[in-house]
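The following block contains the structure, expressed as structure tokens.
Labels run A, B and C following the written order; every chain starts at residue 1.
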Amino acid sequence: MPYDDIGSIRADAFNPYASPAADAALHVVVNRPRTMHGPELRRLVRLHRQDLESDSMADSVTGDPRFFARSGPHSLAEVVKVAGGVAPERSLLLEGIAPLQTAGPAQVSFLTSRRYLSELELTRAGAVIVPSDLHELVPRSAVPIQSTDPSIAWARVAALFHPPFPASPGVHPSSVVAESACIDPTAEIGPLCVIESGATIGARCRIGPGAVVGSGVVVGRDCRIGANATVSHALLGDRVYVYPGARIGQEGFGFAVSEGGFLTVPQLGRVVIQDDVEIGANTTIDRGSARDTVIGAGSRLDNLVQIGHNVVLGRCCVIVAQVGISGSTTLEDFVQVGGQAAFAGHLHVGKNARIGAQAGVISDVPPNASLLGSPAQSKWEFFRQVAMLRRRPR
Amino acid sequence: MPYDDIGSIRADAFNPYASPAADAALHVVVNRPRTMHGPELRRLVRLHRQDLESDSMADSVTGDPRFFARSGPHSLAEVVKVAGGVAPERSLLLEGIAPLQTAGPAQVSFLTSRRYLSELELTRAGAVIVPSDLHELVPRSAVPIQSTDPSIAWARVAALFHPPFPASPGVHPSSVVAESACIDPTAEIGPLCVIESGATIGARCRIGPGAVVGSGVVVGRDCRIGANATVSHALLGDRVYVYPGARIGQEGFGFAVSEGGFLTVPQLGRVVIQDDVEIGANTTIDRGSARDTVIGAGSRLDNLVQIGHNVVLGRCCVIVAQVGISGSTTLEDFVQVGGQAAFAGHLHVGKNARIGAQAGVISDVPPNASLLGSPAQSKWEFFRQVAMLRRRPR
Amino acid sequence: MPYDDIGSIRADAFNPYASPAADAALHVVVNRPRTMHGPELRRLVRLHRQDLESDSMADSVTGDPRFFARSGPHSLAEVVKVAGGVAPERSLLLEGIAPLQTAGPAQVSFLTSRRYLSELELTRAGAVIVPSDLHELVPRSAVPIQSTDPSIAWARVAALFHPPFPASPGVHPSSVVAESACIDPTAEIGPLCVIESGATIGARCRIGPGAVVGSGVVVGRDCRIGANATVSHALLGDRVYVYPGARIGQEGFGFAVSEGGFLTVPQLGRVVIQDDVEIGANTTIDRGSARDTVIGAGSRLDNLVQIGHNVVLGRCCVIVAQVGISGSTTLEDFVQVGGQAAFAGHLHVGKNARIGAQAGVISDVPPNASLLGSPAQSKWEFFRQVAMLRRRPR
């Protein structure tokens, strides 16, 4: 596919491998992009087509410097220490991380499941994080880093090589901030945000481009509000991460049926989001009607989840994408819910319950239960029925 | 959890209990937030942590003045009149509303279901709205307000104590409004909105921060468009409320299969939203292909609903969260649809039909039908099958 | 319904039938809308009420000039040529397109299915595109245009009469564009956009109002990014269309369970979107963890779809609204997925597979399979079970 009109792209010092961190872009505003010409441009366009047209996993890039900060190289000893693992001492400098298939001799990789043993066998990685019982299967070219929990070790090593960008303190001049808002000087308010009256933004927060923080909202410390997200009628703890496009605090779905049609019931509660919660992209959390909607500390909500008014989630709940929880239902601590599952209103779900994907929960759930199906029933009963149906003759 | 870095928060006259209404914040633009110090700040941070860490419903706040306007106190007689109820005459000033568990002697509460009788017994509320047949169960410390419809009465009393904020007429200077747009002088256009060419915004409308109203769109009177919502190719009646992040009027999912791949079919219809409709947060309504997508007067759509092109909803339909309605399907008046239900395309659903949560409708539905299951069938047949399956032996 | 407060609407030369194209609205910024008075205004309001209150399909308008560009009239010969069809020669000027029910003598209409034969019989259209075997059923008042594929023919004729608006090159002065961004001079950056550092926008792209393009993102040629959409950590090919509110490139749902709660695993991959892909409104596509999330060339995703990290879609996949695909699942070329279906993680779905609406896929799928149900099974087995259950006696 010829890229025949490339003469027209403008840029002055276009460098696809420049670090956005170094750039501090959000605080440099300009509306006159510069022009670039000729062979350099053609080369860049060719690279872009290669990026797009590759369709094997081997062409994937981990930690593309256009998008991620980099740190390193780090010595094997340092990596082993961060991983909390055990490895033979060797003098080795590691420059980055990569999956088993694409890692080279200066990269560290990892294995979490026996499922990928064949890839372990062929890897060219310089070091591999593995569960202790598999360390003998690591090829001789690689240093095995034994770990009791390779997922945790990998998370830590990945963060070592690719630390998150720090906040760039300050309010972007294009943002609209109410006089009575209270913004910590270490917080970053991106371009074209709206911070309404009486809102408070804590230390080291990052408010993404186009986000709206409504009147009176309190955001704790080290929070991130994603691009174009909106938060109103809410109190957020520390280290809360609201992903792009999430909607928090709008009115719940509440109305009474009167003669003249539906009569809206004022929604006078709030949304309380405790510490260390993550709220996925385009997820919606309605505020309470007469009491609060509460998301317990450490809970993680995936994308496109719906949380109705007065819902209470306990601590460390996991809610996978597209789940819907109807008004006034309570989930206790450590409940896990699979994708697209749904809950009727006014239910109580006990601690540690596991609700399978696409389940439809229409009655209270005891602690530690494992449910599946619509209407939801015990996982074992569900599979018994599925098996029975398949056995039945024509 | 110590809040040790609070010295760094800035604000001058930070008052978490200031009324955002009095503040008229959206029209005060400033990018230099002020600084606050010391004990006052520490006290505020402590309050915030208390708000966050409470996990009993008793700590919920109804009508937090940081977020809601307040009116009152109101006399018992006035409250009874607004409620349309009946109560013994007594000299009592009421200051606000609250749930049974948290209400005090100067607050009015309500009971709609026998389910909460134990909370009625213990309430310290000064007055309680109850169905007529339960008024004898109200404790002697409270005035019973008998109502034939406590939900309606509650909605009216709640609105008495917490009236909605009025629009602050005018166009925020940060918004981008086309010269040919027509904006009623009583309408409020919030900060960072875009109103494109030829769009019309009626009297007393409130357009939230970051909302986009596309070319030619007509918005009637007393409408609200939520923060970061987008509306194009659409005509809206009066009192329409579009919640934050809703997407109205984009192209439908229409293409023909040609030799070279998919060929997009131009989507040349509109979205027509009649009076008194509410559209939930992040809900999507595609415009028609050759005719219009229509949402009938008084209908209420919850969050994350998908409405395909050419869909027609009658009057006063209720569509719960995460429902999907495929292209060219028609729902007549008063149809109610439970969460996550789905409709195939080109179907006709009769008046008053009730479709249960997670149902999958793949054929026409007669009026007044009650369906459940995927594929959807009569509710009774569905429960018969569920019961039968559970009875079957291994 | 009297429209009694119309005296207050402002506008100077308000014309509901002005073409937004001619207006070049986005580049005309003004915050002082003008005033209009009296009978003209009253007439417009009356028209608006008529638009809203009609509830028969006959009142639908195809190609309302407030929203769509118009071209024409075109001769019958030209229309037949564009349609790639066959028709008797006749001297006829056609002015537009419309459905069978509303088309008049100067309009062309179409029929794709025998389902609408009764409407064909009654049509007043001047010409009708029909499958070859139905051309004798076209009434004598209309010219039959025979086509081997009426959907394709219709798509082309519709685009003839209503060509898409061209981009209005240039960067709107209200947008925030990083100095290191590279924007083709033929691209249109709408109002209040954010283009971060190092991002590249190709020729003839249209970036809608309020959209955010993150650091380092590369957007190919002839792409459209819808209003209030956000794109980060992504590479886009040519002719990609991202609908309003879509979220591309945010972190996937990845964490390890540690003693102190959940530990976030850095998400260090990208999103690669190949040529000719469409991404529906409010759809979410997470970036990869250690490799890339890939959407294959020509694929079409409807609204509110969830794509987890590391998912790979082949070429020309069709994903209907509200589908969820969990992390690391791969769909080969030409897979079609019905609305609200869901896939567990780490699965492989073969070429040409068809997954029905609301299906729940929990194991690998062979090529050409047709699945339904949750858990998904062969379509025929699914319908056998449904039939069996219905037959069973009480």
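Observations on the structure shown:
Keep in mind that, in the parts below, contacts are C-beta pairs under 8 Å (C-beta built on N, C-alpha and C of every residue); 3 or more make two chains touch, one makes a residue touch a chain.
Everything numeric in this text was worked out from a predicted model, so none of it was measured.
Both copies, subunit A and subunit B, contribute mostly unmatched positions to the interface they share, with under half of the numbers common to the two.
Fitting subunit A to subunit C on C-alpha positions gives a rotation angle of 120 degrees, to the nearest 5.
Centre-to-centre, using mean CA coordinates, subunit A is 27 Å away from subunit B. In subunit C, the residues that reach two or more other chains under the touch definition are 192, 210, 228, 245, 282, 304, 322, 340, 358, 374, 389.
The touching residues of subunit C, when paired with subunit A in their complex, are 171, 173, 175-186, 192, 194, 196-198, 200, 202-203, 210, 212, 214-216, 218, 220-221, 228-230, 232-233, 235, 237-238, 245, 247, 250-251, 253, 255-258, 261-266, 268-270, 272-275, 282, 284, 286, 288, 290-292, 294, 296, 304, 306, 308, 312, 314, 322, 324, 326, 340, 342, 344, 358, 360, 362, 374-375, 377, 381, 384-385, 388-389.
The part of subunit B that touches subunit A in the complex is made up of residues 1, 3, 5, 8-11, 13-16, 18, 20, 23-26, 28-31, 33-34, 36, 44, 48, 51-55, 57, 60-64, 66-68, 97-99, 102, 149, 151-152, 154-156, 158-159, 162, 164, 172, 174, 190-192, 208-210, 226-228, 243-245, 276, 278, 280-282, 298, 300, 302-304, 316, 318, 320-322, 339-340, 357-358, 374, 386, 389-390, 392, 394.
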